[in-house]
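Next up: some structures, all given as structure tokens.
In the two assemblies presented below, chain A is common to both, partnered first by chain B and then by chain C.
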Partner chain A sequence: MREGTRLGFILLLTPLLLWLSLLILIPHVDMFLVSIRERVGVGKYDISLANYRTFWGEPLYLWTFARTAVMSILATIITFLIAFPVSYYIAKIARGRLQSALFLACLIPFWVSELVRTFGWMILLRETGVFSGLLQWLGLAEGPVEMLYNDAAIMVGLVYTSMLFMVVPLVTTLESLDDAVIEAGYDLGGNGWSVLREIVLPHAKPGIVSGSIVVFMLSLGNYLTPTMLGGKDSLWFTELIYSQFIVRFNWELGAAFGFMLLLLSSLIVWGMLRLTGETLEETMG
Partner chain B sequence: MAPDLECVSLTKRFDGMTAVDDVSFSVAPGSFFSILGPSGCGKTTIMRMIAGFLDPSAGDIRIKGRSVLNVPPNKRPVNMVFQHLALFPMMNVADNIGYGLRRAGLPKAEIARKVDEALERIGLPGIGARRVDELSGGQKQRVAIARCMVLEPDVLLLDEPLGALDLKLREHMKIELKKLQAEFDTTFVYITHDQSEALVMSDQVAVMNRGRFEQVGTARDLYYRPETAFVAGFVGDSNRWPGRVERIEGETLALRTDDGMLMLGATHGRALSVGDRVQMFVRPEAIRVARDAAELARFDNRIEGTVTSLLFNGAASRILVRHATGGGEIEVALPQSGEFADLGEGDRIVVGWSGAQGNCFPATGQDGAPDAERSDA
Partner chain C sequence: MIPSIPQPRALRLVYGAYVTLFFIYLALPLTVVAVFAFNDSQFPSLPWNGFTWNWFFGDERPMIGVFHERPILRAIGTSAFVAVMVVILSVAVGLSNAFLFNRYQFRGKSLLYVLMLLPLVIPGIVLGISILVFSSTLANGLWELAGLDLQILRPGLFLVVLGQFSFIATISTLVISARLQKFDRTLEEAALNLGASRLTAVRTVTVPFLMPAIVGAAVVAFLMSFENFNTTLMLVGSDAPLTIAMFDRLKEGSTPLLNAVSLLLMLGSSLLALVMILFQRRG
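Our next item is the complex of A and B:
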């Protein structure tokens, strides 16, 4: 009997261990090893921190690094500001069929691939696109307007892509808030704003934090949206990694970049958790 | 003195159905008023209209003489203790109690003082820093009341707040609530479907059914002098016998029940005539049991029968007695003084009660009967 349970435990654990070790642990260890070696001759490598020195020594890399972080944080904030009223409406105001219909409406865009969705935005925003045409037709613009290839276009794409990942945890936490608690807030003299600040937001905090973490990480690691909507001038850190690996065949520097990105996202998520007083277990559990 | 709360022809229609139908009542300052009724009778709707979460379709609500119809819930001088209390789980006890004071913009030091005072009053000093989910059911209850009472409302509404507690604690909290009401000297309006809560605590009880008040009175009035068949069936337990009037002499009437028993009852001033279909209500505790018919000589109703069931429930034990000739069953309270301790099923027994205890109401067809069944709920 004891033997049996033990075997079962091992068998159940095996897929998880394989997943963790093959797809996460081993590649990262290898990546780290690659990032700390320096080519000194043909097929000859030394251990050194030269790649990291290159990163810190080149303003363009640092600038792109900081820009990616700030833009991702901004995308997270904007996503939250749009998703919160939507989630509140779905969770607390809409009832029955309307509720499920609205939730489905948030899900539908994810039935097409990210690539197609991004092309959709390009059709809308490009010089000969729908918005440009509309503005000219209304007489608001003289000639064609180019709305693609700038930071605003990237932001639109990032927010659009991330919306669902903010809406789902928010709807879940808001639904668990008893309506009577909100009513009690009003009954005891609160107005809309104070009920939101003292009751709804504190209750939704775990959902806000987990949604924000997911959206932030998705934005930080996004490659497609910044590349397609941002064009040449809008650099994103993942593009730098891509170009080191694929264009320049400089795996060592690319690996170092990858590690810096991992460090950055860990640092910002940690900071976010500290700031809100949540723990990772509470948020993800 | 103007009543603290006055509802005038209060009506609420939801699409196609009338939840509250032309209800008027007033509650004297400092009194404990209960609305008692089965679930779905509209009592919660009345409560939510008073609190301001629903707008009445017609009628007026006045608090201390002033209409509050156009006052939003957060500005009304009433506060509500919710069914599941609705304490704020994200705050500790002191912040819960201080919430309303903070909203009113009081200085911090005064809030702290008032919160401590309130905790003292509910008998839980020093628990301010605890989290809400660390409290027991009874403590939560008291905190929920304190949270409202620090605001010194004119009227405190309580929406079945004891429903979630277990039986022992509920019994205890009934007394506690009554004490708290005296302590704070505030008007309480309490809604419940549990008659014992309403009867024990209230100065006045309104029995509600299908959106209307059936009777408003003291607990004794409702128990001893029910004005409608519904009240007779809903408040306390009753034997209910439908039948036909055979004779009437002044207040006394003779009734032939549908299952063949002949018994005497009283009209209590209601207009009834020979041949009318009536329902007679007799409380199990108004019926005496004896082994010998001679002991019951002073009662005008005496029925011999056999015991068909013993329903032991401590002090509230009952027996079911089957009428010797007819088929009817009579529920009788069994005295626990020892003399019937050896009573068994199948034993022959005599039961008797005074005709004045038999309360007769004209049978209204479909009305009354199904609702009366719920009386034990």
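Our next item is the complex of A and C:
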């Protein structure tokens, strides 16, 4: 490299290195170090796996962990099933103005804060809410119906909150599929189902993978939706982390929980990439 | 199933109905939030007691409107301050990263690129606690070594800005990189041939070309910062940004005041979105 470009290179590299090391790498290493220490006296710590033993030894923690993982996977699948037909409609069936209007309409709800979206669901689902009122008005229910504070409510909130992150990558990959390829599939004797399975879905795979990764991450790391829609007993893993850090001030155990969450999310993202043969650079970049 | 392949009428109708239902589902929560901002009642729920502007302009108890509610106004100010800081930082770093990855070949480039993407796959709450843990390690270390008490490293706005920046920088890098890749390098070379220095060439040719992406990245960064909850929750000190302040109130039970704030937020972000779309159409 010439002298001038070398200086430029260093100037451009510095912010990147500072950001990644000071805000991402070192804090995570530090969090790991905190998670493997045990308080043995005032200001004295030993290295031990006590926090991880506490995690594995307490059924409530394990149950919450497994439950959060399973519900996040379920939320990802449901989001995909709801989003796919809509994305296909926007990318392949709607044309011109309608197409861009529909796409924009998908984005609008996500310009407002997650808090507002969750609040909206609370107003709809609560005992004195809109759905309950509607059911009574229709004569389908005798008295007020409480639809908040259960797992179904959490699921509705999670799916709603992450919908955009599935629709956008799906629409983008589906738009790049040439109509002629679909026509060729029909010409060669395929029906709607076999064309979908053998042409459309394989083509949309990168979009499906990147959408699923983002939706899964958002659900797993969500705090607001389970707390607001699931109530006191929603048992979401992020709530455990929050209570160890802020309420009980047990940072060692909280850091261990945080590390377990990070491990789980990395494992599932890695597994998803391996299974589909995609790479992180291609799906996220 | 595409328009050029004939399909049974019933199937088309069912499909159309499904898509319509989907958009009703998308609009429903936001619509009820907006409508109940005008309910003349202490609770954002049925029954409907008639229309009122009091949750915006009311100045008497029990109906104090948004524009007379000091804590909420202050929280909006805090959020705006944090968002502006995050925008400045993440657009600057995003621009620098985009040039680095686009213009230079060096050892470890692909590793750095993957590292740069990592914040997208780390749960926000984990980002928050890791920064919280590290900054307090730093603060405690400084205190023991030098007797220095750096309040800036304790939970507060500085850490909130850093925490949000730590993942928003990835997004601004991606947005700006995508446009820089489409840039025709020969334009810059033409400027160099005409006697411009490298810096002048970049400033007068490349940066104007990147402008739509820069504005886009800034708007996205502003909104993501303004809406952020998870990372902020772990790093917040005594000055609560709007999402945290609203969350605290929501936990205690809500009044239509929150609906009014939400409606203003919706209007604000649609306005921003509109500005961005207009700007990008022109660019």
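By definition in this document, the second predicted complex is superposed on the first by the 281 of 285 C-alpha atoms of A that agree within 3 Å, B and C clash if a C-alpha of one lies under 4 Å from a C-alpha of the other, contacts with A are read in each partner's own complex, and residues count from 1 in each chain.
Quick note on the criterion: a residue touches a chain if its C-beta (ideal position, glycine included) is under 8 Å from a C-beta of that chain, and two chains touch if they have at least 3 such contacts.
If you're wondering where the values come from, they're calculated on a predicted model, not measured in any experiment.
Peer 1: Clash or fit: how do chain B and chain C relate after the overlay on chain A?
Peer 2: By the criteria stated at the top, chain C and chain B fit after superposition, with no clash.
Peer 1: Which one hits more chain A residues, chain B or chain C?
Peer 2: Residues of chain A touched, chain B against chain C: more for C.
Peer 1: Once chain A of both complexes is superposed, is A:133 in touch with chain B (first), chain C (second), both, or neither?
Peer 2: In the superposition, A:133 touches chain C alone.
Peer 1: Under the stated touch criterion, which partner chain does A:186 make contact with: chain B (first), chain C (second), both, or neither?
Peer 2: Both partners, chain B and chain C.
Peer 1: Contacts for A:91 in the overlay, against chain B (first) and chain C (second): which applies, first, second, both or neither?
Peer 2: Neither partner.
Peer 1: For A:36, decide between first (touching chain B), second (touching chain C), both and neither.
Peer 2: After superposing on A, A:36 lies clear of both chain B and chain C.
Peer 1: Of the partners chain B and chain C, which touch A:71 in the superposed model: first, second, both, neither?
Peer 2: After superposition on chain A, A:71 lies in contact with neither partner.
Peer 1: What angle, in steps of 10 degrees, lies at chain A between chain B and chain C when each chain is taken as its C-alpha centre?
Peer 2: Seen from the centre of chain A, the opening angle is 90 degrees.
Peer 1: Could you look at A:199 and tell me whether it touches chain B, chain C, both or neither (first, second, both, neither)?
Peer 2: A:199 contacts chain B only, not chain C.
Peer 1: Should A:178 be classified as contacting the first partner (chain B), the second (chain C), both, or neither?
Peer 2: After superposition on chain A, A:178 lies in contact with chain B alone.
Peer 1: Could you say whether A:253 touches chain B, chain C, both of them, or neither, answering first, second, both or neither?
Peer 2: neither
Peer 1: In Å, how small is the closest CA gap from chain B to chain C once the two complexes are overlaid?
Peer 2: Checking C-alpha atoms only, chain B sits 5 Å from chain C at its nearest point.
Peer 1: Could you tell me which stretches of chain A are touched by chain B in one complex and by chain C in the other?
Peer 2: After superposing on chain A, chain A residues 183, 186 contact both chain B and chain C.
Peer 1: In their shared complex, at which residues does chain A touch chain B?
Peer 2: Touch residues, chain A against chain B: 178, 180-181, 183-191, 194, 198-199, 202-203.
Peer 1: Given the complex with chain C, which residues does chain A contribute to the contact?
Peer 2: 4-5, 8-9, 11-13, 15-16, 19-20, 23-28, 30-31, 34, 82, 85-86, 88-89, 92-93, 95, 102, 105-109, 111-117, 119-124, 126, 128-130, 132-133, 160, 163, 179, 182-183, 186, 192, 195-196, 213-214, 217, 220-224, 228, 238, 241-242, 245-246, 251, 254-255, 258, 261-262, 265-266, 269, 280-281, 284-285
Peer 1: What part of chain B is in contact with chain A in the complex they form?
Peer 2: 51-53, 72-75, 79-80, 82-84, 86-91, 99-100, 103-104, 147-148, 151
Peer 1: For the complex, which residues does chain C have touching chain A?
Peer 2: 1-5, 7, 15, 18-19, 22-23, 25-33, 36, 43-47, 92-93, 96-97, 99-100, 104, 106, 110, 112-127, 129-135, 137, 162-163, 165-166, 169, 174, 198, 223, 226-227, 229-230, 233-234, 243, 246-247, 250, 254, 258-259, 262, 265-266, 269-270, 272-273
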